[in-house]
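Single-structure report; data block below.
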């Protein structure tokens, strides 16, 4: 079996796992943001800013992980 | 076994895992958005904006992951 | 099987696991930050500062882990 | 199979496991810090100091673990 | 398969498991410390001292475990 075979396998599975991680993480914090905005509508602006900051941190990790999978996929 | 065989396998499995991740994540935050809008109808606009922002972040990760699976599928 | 084959496999799977870890961790603490901001809107600034510090610590570990996976991917 | 093959595998998987551990640990303590800051805003400074100390201890273990994985990755 | 191959594998996996153990442990006790400080802000100093002592004990075990993994990694 050639190395690229496992690289392709890892690219697909890895991209999937990265997406699960990022989605569950952003989904969880955003869910709390929604509930918080509903409970304190006047704090919606503050909560949204915090939500975007935290989601962007997760997004950064996820995109870097996907770049690694991308490098594996184009081998 | 040729490398492309595993690439095809990974494309299918990976696309599925990406879709699971994005769906669970967006589903969870959207569910909270619905409940929040129902509890505080006057905050529905704010909540919808936050929901679209968070869902778009998940969507971005998921689409990049699917592009990787796409690259594997057309090998 | 050549060493690089397992290196590629490890890069993809490793990147996925790193992303799951970081996302779940940041997602959890950010979720609590959202709920806290909603309960005490006047403490939103303090909470956001603490959230960014803690998320940055997780981000640091995750990025270092992804660099290791990146090194494996470009072998 | 050459020894370096398993070293590469261990580097990727190990980096992922380290990141999960550190992220879940920091995520959990930081979540409690957020909730604590929201419940007692006047104690936010004390809580943040304690949070950074505890998170730094986890960070130290995680970075040492990642260095081991790094050594394995560059073999 | 040469013995060093399994040594490398053990170093990576072992470092990951050590980090999970230490992180979950420190994360749990620190989480309780945060909650305790929030409930009794005037006891924050005492709680922090106890937290550092307990976390340092976990840190000691974890670092010794990581040194063992380090010795395996540099074989």
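For reference, chains read A, B, C, D and E in written order, and residue numbers begin at 1 within each chain.
The rule we apply is simple: contacts are C-beta pairs under 8 Å (C-beta built on N, C-alpha and C of every residue); 3 or more make two chains touch, one makes a residue touch a chain.
To keep track of the chains, here are their UniProt names: A, B, C, D, E = ATP synthase subunit c.
What you are looking at is a predicted structure, and each value in this text was computed from that prediction instead of being measured.
Overlaying chain D onto chain E using CA atoms gives a rotation of 20 degrees, to the nearest 5.
Rounded to a whole number, the gap between the C-alpha centres of chain B and chain E is 34 angstrom. Centroids built from CA atoms put chain E at 18 Å from chain C. Chain centres here are Cα averages; for chain A and chain D they lie 18 Å apart.
The geometric centre of chain B is 26 Å away from that of chain D, both derived from CA atoms. Among all residues of chain C, those that touch two or more other chains are 1-2, 4-7, 9-18, 20-29, 31-33, 35, 37, 39, 47, 51, 55, 58, 62, 66, 69. With chains as nodes and touching pairs as edges, the resulting graph is an open line. Pairwise chain contacts in this structure: A-B, A-C, C-D, D-E. Looking at the complex, you find that chain C touches chain A at residues 1-2, 4-35, 37-39, 41, 44-45, 47-48, 51-52, 55-56, 58-59, 62-63, 66, 69-70, 73-74.
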